[in-house]
């Protein structure tokens, strides 16, 4: 596999010279983006199926076998729908907002490692980059709400903007703990820092367990997913910031939300569950039995677990009330994470730190 | 020699000048704020070219991700009267233009000075694994500990000032007190009344009443 | 160092393209027959009679301001976290002082009720 | 513990920071509108700071925190005077602020934060700490001015103060970055020696200097960067004006000394010319505009501009006598302003601001003692002997003459003669005009005692200026001419 890639690379270099580098990067980007788009499409199907089964229904089952063509049908339907720009809306921003929502959700993937060596750009400040990119997601929402010139969209936008920024703080503090443990901001180093030869015992979710939980819950809140989906509280503010969107504009917001879900799952796996690492590595029997499994499999498996939890949450929990939501963010998560930063830092000063 | 870096630099530089100009010329304040975001992005790009990756990304994280969000909040919600805002523009334009001209002139004088051109130090190129963040970390918390703590004090002042200037207590608002809710004992809410078995109607009414009073307490 | 960031730049360009493409496709493929009723903003059944952009509770501003301040705090924590092993106890203590100063601010805002949402 | 003992010289700052935190939190738990407990805690803190500053004083120059903090005689003296000024300001303004519902825990905490900022500025020996101290001071002051949220005029004043202050900070920072670019260091002493050893890029250096001077001029409020001063002085509640107009001037003096004299002494030929222009313009515009004012706060604002011009005359003389006299001038100015604003505060009541000139008509008939105190203060501001104001002006001009700035001195004398007119007009109003109201003036015992001390102090210091003058001269000398 690796040799094949190398041959391709050498051949390309010989053929195209200086233009080969950018072209090869472009190919890699497509290889990352296309599966994400596919993943988003089938995540919607998975959501409807899983929710269906949890609620004792079957979910979509008409388009294709077991409803497998449903996402494609949905896509085509949205494509054929008229893009309505409401009167009084700011045309340019109205159209730009969904793009602004989607782009950060995509570009953050540039620094996510899928397996050993499978990463587009191993930058030193990877984690910082991720945090910066996720903090941009709020623009799509605010601009959509404002440009729509609709009260419901506007209120929804303000609500979710305040929600997102509040939970971003908890996320940031939780990530500081990961940094402390890994002593590096590169995502590859963070994963490698969890490789101690004890399998999953070396992963950061053990010393940083509260942060692991906080990070994932804050991630759920960041993506405006149930039970934190106040931005689209149907009974109060219709569909929130994307009330006025139709057709492809709406589809882009949808894409952004699901791409963010996948991103959060991937990041949680990388930061706390050892990314592509084998959970049984170095274990007596299981380790040898699973040694052949590629890292990509473990990564995807871990992501799938978190994605399932996302859906499970939606099926299980009732929606938060706004004051409860803000209280959880500011009065529970921030103090907790702050304390844990100090605890981890102090812990690291002692010889009892094994990670 | 035009390397790719030079091209990217001029790209970002042109973008930031353009964005900066649009910030002050845009008719719509929301557009102006968004152009400021663009300006921050291009400045981050320039910093990145200088290999100051921590500062570049922090610029995006803090200014674009936080400060500009507040800006947008304010700009979007306050109905800024644009006409009134622009009234004084032409009156003060000559002074502003003069100031700008002086600054540009001075800058040309300094940069055009032969000494400057000669003393321009070589930018050191770092290896791929060079971490600007670690470099900063080694200094901030040791050599620069005093300014670092002062920064904390500044942030504290900002917190106090922000609260003192914006917070208004509304006495009429009803709040949920979780501690109180959790501390509630069964006996506070539910009262078991032993009733004669024959009176069917009243047994029906009692639990409803208890439930109603329970709701009121929330 | 810079060579690492080139793919990121390219990715941003591709991301923008991926975002814009569906909109263009939608504009081409979908019908475009606007009318007044269709274009009016959603307003729960009655006519929209005012600009929807209104003033709102000052608490949202306060949340935004506090967010900026804590975000800066996080920005200070990042370089510290990656070098803590090198700077040792001195670095730990200096951050402890920094955090205690800010915890005073946090306690203050908590007790003032700035985190209360009503 | 050994590390803590190396912080010896910074104990006062540390104590203050700890106490502000305590006060901030303690205030949340003390009920009552009068905030007596918090107020007393603040005064105790100021007293404690003074004791610590005196107790930790050591001869010579002491550097701390990797040469970012300096402790010398000048810093100790200026800090002590700042504590005193803040303490007096609180005594004067307490009942005024209580009557307006502004005497809150936040106000007191912000005042202490601003004091901390001043202390940081006074003890800074690095551009970063200079700047951070300045920002700490400015940020607190912006917030303090804006505290009266229901008053449109105060909010407008805060806005102007904030925007122009931010612009000034920007200029200053820009200039500092240029200096850093030219010398490769941010340390005050290192910048000085780098320039002395010859910097390859002189143009960059001068370019930076221009911006630094412009930024300083903004902060000092000298012409042509004075636009904010009258509006802010007028718009802010009088107690806040008093805060802005007093102690921060000491810190500003220290700032000028640290940056222009300690760091940029080798560039004196350049900056003394700039300062001369600023000084002349300020004395001219300040004194002439003050005549036209009917509002006392506005008048004081213009008089501040003129006084700052005078202070610059001392600095630009470039000699030890010049710096010493400038410091003396700053101290005297602070004492006189405290008295002047204190007077307005004393005469104000709930719902009534005694900030118009006409409010002082016939003060002699209503309260001869107060009128006499005001007379002393006005004489001092005008520079009439035997008050201390005269001596301050004399010392500054004397230094300027010795440095050979004869035309400047002539102009300064001319403008202070013009200035004398509007100060003496108040005296005339108090003694020769009929009062507009015969209402009794209610005074708290503490503030009436203080105004007496303040007024008499101006007189006594004028008769016996020697001690203060020599303290100023010695501290400047010890701090500047004994590098390391």
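Note that the chains are named A, B, C and D in the order they appear, and that numbering of residues resets to 1 at the start of each chain.
Everything that follows uses one rule, which is that a contact is a pair of C-beta atoms (placed from the backbone, for glycine too) under 8 Å apart; a residue touches a chain by one contact, two chains touch by 3 or more.
Keep in mind it's a predicted model, so treat the numbers as computed, not measured.
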{"item": "Chain closest to the middle, measuring from C-alpha centroids that were averaged per chain", "value": "B"}
{"item": "Pair joined by the larger number of C-beta contacts - B-D, C-D", "value": "B-D"}
{"item": "Furthest chain, CA centroid comparison against subunit A", "value": "D"}
{"item": "Inter-centroid spacing, subunit D versus subunit B (mean Cα positions, whole Å)", "value": "33"}
{"item": "Whole-Å gap separating subunit C and subunit D, where each centre is the average of the chain's CA atoms", "value": "40"}
{"item": "Chain centre separation (subunit A, subunit D; CA means) in Å", "value": "54"}
{"item": "Geometric centre distance via CA averages, subunit B-subunit A, whole Å", "value": "22"}
{"item": "Multi-partner residues of subunit B (each touching 2 or more other chains)", "value": "53-54, 58, 61, 65-66, 69, 73, 76, 130-133, 145, 151, 153, 156, 158, 160, 163, 175"}
{"item": "Per-residue overlap in subunit C, given as positions that touch at least 2 other chains", "value": "1, 4-5, 51, 53-54, 56, 60, 64, 67, 71, 78, 81-83, 95, 99, 101, 104, 106, 108, 112, 116, 118"}
{"item": "Residue list for subunit A, restricted to those that touch at least two other chains", "value": "123-124, 128-129, 135, 146, 158, 161, 165, 168, 184-185, 323, 327"}
{"item": "All pairs of touching chains, each written as two labels joined by a dash", "value": "A-B, A-C, B-C, B-D, C-D"}
{"item": "Subunit D-touching residues of subunit B, taken from the complex the two chains share", "value": "106-107, 109-110, 113, 115-116, 118-119, 143-147, 150-151, 153-154, 156-158, 160-161, 163-165"}
{"item": "Subunit C partner contacts - residues on subunit B that touch it in the complex", "value": "5, 8, 48-49, 51, 53-54, 58, 61-62, 65-67, 69-70, 73-74, 76-79, 126-128, 130-134, 136-138, 140-142, 145, 148-149, 151-153, 155-156, 158-160, 162-163, 166-170, 173-175"}
{"item": "Partner subunit B, residues of subunit D touching it in the complex", "value": "17, 24, 64-66, 68-69, 104, 106-107, 109-110, 113, 116, 120, 126, 128-129, 132-133, 135-136, 139-140, 142-143, 146-147, 149, 200-204, 207, 210"}
{"item": "List of subunit A residues in touch with subunit C within their complex", "value": "22, 25-26, 28-30, 33, 37, 78-89, 95, 98-100, 102-103, 106-107, 109-111, 120-124, 128-129, 135, 146, 148-155, 158, 161-162, 165-166, 168-169, 172-173, 176-177, 179-180, 183-185, 238, 243-244, 247-249, 251-252, 322-323, 326-327, 330-331, 334-335, 338, 341-342, 345-346, 348-349"}
{"item": "Subunit D residues touching subunit C - in the complex, by the definition given at the top", "value": "17, 21, 24-25, 28"}
